[in-house]
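Worksheet for the structure shown next.
Letters A, B, C, D, E and F name the chains as they come in the text, with residue numbers starting at 1 for each one.
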Amino acid sequence: MVYVTRREVFSAAHVLYNAEWSDSRNAEVFDKCANPRGHGHNYVLEVTIAGEIDPSTGYVIDLKLLKSIIKEQIIAKVDHKHLNYDVDFLQNIIPTAENIAVAIWNELVHRIPSGTLYSVKVHETENNCAEYKG
Amino acid sequence: MVYVTRREVFSAAHVLYNAEWSDSRNAEVFDKCANPRGHGHNYVLEVTIAGEIDPSTGYVIDLKLLKSIIKEQIIAKVDHKHLNYDVDFLQNIIPTAENIAVAIWNELVHRIPSGTLYSVKVHETENNCAEYKG
Amino acid sequence: MVYVTRREVFSAAHVLYNAEWSDSRNAEVFDKCANPRGHGHNYVLEVTIAGEIDPSTGYVIDLKLLKSIIKEQIIAKVDHKHLNYDVDFLQNIIPTAENIAVAIWNELVHRIPSGTLYSVKVHETENNCAEYKG
Amino acid sequence: MVYVTRREVFSAAHVLYNAEWSDSRNAEVFDKCANPRGHGHNYVLEVTIAGEIDPSTGYVIDLKLLKSIIKEQIIAKVDHKHLNYDVDFLQNIIPTAENIAVAIWNELVHRIPSGTLYSVKVHETENNCAEYKG
Amino acid sequence: MVYVTRREVFSAAHVLYNAEWSDSRNAEVFDKCANPRGHGHNYVLEVTIAGEIDPSTGYVIDLKLLKSIIKEQIIAKVDHKHLNYDVDFLQNIIPTAENIAVAIWNELVHRIPSGTLYSVKVHETENNCAEYKG
Amino acid sequence: MVYVTRREVFSAAHVLYNAEWSDSRNAEVFDKCANPRGHGHNYVLEVTIAGEIDPSTGYVIDLKLLKSIIKEQIIAKVDHKHLNYDVDFLQNIIPTAENIAVAIWNELVHRIPSGTLYSVKVHETENNCAEYKG
């Protein structure tokens, strides 16, 4: 079993806000992340596939193919977007790094043609990240 | 003459939009950066001071002091904010990296107690940055 | 299960020295790391928590809380300190990256209010690190 | 159990080419990676050892020793080389990151004097990497 | 005057070899860089433009345009190539970082539509780089 | 004129302390940097040489030679050392990043065999650095 990882980046805005709570409760829990107009990040996304090496190519998965799947299914939908409003697969969830990682996993898991999706890791800043392994 | 640099980071949203133009003209010029809800970045700010070394401290400027000036005058106003709406010193300008660098320079230039402000550099992503030297 | 990681940095001095050995044995085993006055590093600490996402917040753990626990329990005690002399929780151990990781784990494991401490990783340089998972 | 990692870098050329295929099939599968003269990378190699801490040294393994093993067995053979032609332990395999990671594992696994080889990770670019755990 | 920089990366092979010298003289001067089959790098290219900010856009130069010029004129010609054989604008020069920086400058200087080319910087590894300012 | 830069790293301890001042004055000015036992950093040193390209080599300076000069004259004397006590060329100065940069300049300026020393830059942390250009 070999693990291959592809890294992509996207720049997006978000707000942390629970619509079932009052503004003051949101401000108390989410602090500056609850700023109504939003703030943003250069997100770093790492997608890891686990599988055996195909001896005819030396690949677990063709990373050009993995790159194009991530670009089409994820990056095209989130890059230069506001994650609370503009992204179909993030509707009705609070866009924390944790929830983004799980949502991206759910978008990708049935679209990986060979190998097995092993991990989706989302870095929000150089100090904070979340990883989901299914 | 010695140059000392302090690096700080902030996370903010922005939109590139010229209010004097039609939406289609904005979309044509600014492309995905014109997405109305905004997107965001982890901005990296580098502030460089030029001066002579004080022999009693070995400092051009006390970096603890420079850090606190940058934190109070800049980071407190831009971190976790939407740069088009929430920041007094960015009102009525298009918040490109170029304009942000110039605006931060103008905020800092009269508040550096020793040495001389030499450069303000703003990295928008790992691939794009702007620098202003007055 | 989602894994969230918080990164913090601290600058400290240390010496690798076994007090039960002669100076020459220490020099032989620890080489330049045994320099008596010490040397130092910008340590990078990564603390990973594993848990389920709280649907009301989207958080496994509030990273502001995790940050404040790490700052109070660890960073305040090790930053700008000499690890062989100044740190209560490192007394009587040789402050290798391995031992520092285990000691930080022991300081944190009972102070994580939700989720489970999963990993403590200590980078000594850009080339060397140690990780402990309990 | 503690995991210690040593990072080394090497600069090498390679071509992805399956000698049993036609040139056009190679170009179709490997695309620009099949350019006959080759291209190259600054590879980043991370070797992780798992073991218990020796209480007399605080080490899982002396990283100076691990460094010298990696330098002698791997870096001396691959740095500033063309991986398709110049490296004995890469003969007759397609030098993808996956195959390089497995081949380096096989070179190192019997030469680690204490602890257990846990992982070999090869970064080909800042966006692509492969990891093998035996 | 504001300075804006665009960063791009490319992966290429090269050999340092002076065709007017004997092989032994080449080996003596260029050492392991003279390995006949070549080695390679992930080159990092930084192109800096100096100019005044256009008040209607906030741009010194549209970085999307600068990116597309660099991609078409440089990256398409050098990425996944062998710099000694495959690149028209590097014919008959020894492809050191210095010479690559100058050659890229010469390719770009007449193609920058607004602003002025200020600097071309080529990083060969994380430790070595060369910069040319015309 | 082309500028070539070599990067090296070293790990060292230091204390900021002015021997002509009282301990309380030192603590007031240097704060946690005045901790008597010292703290430390992974310093990053960047040395830049300016010169014309030698057409027979494509080099401004052979970076292998520059590397060996830096290793012998600087790194061998400061790596894994306490900068206040162990380094001849730092005696009787307060080892701030500013003073270290100037001292390294003075060590190197007469030992560069071709080209001209242009800049010495010392990064103390990822957030603080000092540069001296003579």
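Operating definition for what follows: contacts are C-beta pairs under 8 Å (C-beta built on N, C-alpha and C of every residue); 3 or more make two chains touch, one makes a residue touch a chain.
Fair warning: this is a prediction, and the values are worked out from it, not measured in the lab.
Asks: Expressed in steps between touching chains, what is the minimal separation of chain B and chain C?
Replies: So the least number of steps between the two chains is 2.
Asks: Among the other chains, which touch chain A and chain D together?
Replies: C
Asks: Quick check: more C-beta contact pairs in B-E or C-F?
Replies: Answer to which pair has more contacts is C-F.
Asks: Farthest from chain A in C-alpha centre terms, which chain would that be?
Replies: The most distant chain relative to chain A turns out to be F.
Asks: Chain D to chain E: how many Å between their CA centres?
Replies: Centres of chain D and chain E (C-alpha means) sit 28 Å apart.
Asks: Report, in whole Å, the distance between the mean C-alpha point of chain D and the mean C-alpha point of chain F.
Replies: Between these chains, centre-to-centre, one finds 33 Å.
Asks: Scan chain A for residues touching two or more other chains and write them down.
Replies: Within chain A, the residues that touch at least two other chains are 126.
Asks: Just spell out which pairs of chains touch, all of them.
Replies: The set of touching chain pairs is A-B, A-C, A-D, B-E, B-F, C-D, C-F, D-E, E-F.
Asks: List the residues on chain D that touch chain A in their complex, please.
Replies: It comes out as residues 16, 18, 20, 29-31, 93-99, 101-102, 126-133.
Asks: Which stretch or stretches of chain E touch chain B in the complex?
Replies: Of all residues in chain E, those touching chain B are 1-8, 53, 56-60, 62-64.
Asks: Mind pulling up the chain B residues that touch chain A in the complex?
Replies: 9, 11-14, 32-33, 35, 37-42, 79-82, 84-86, 125-126
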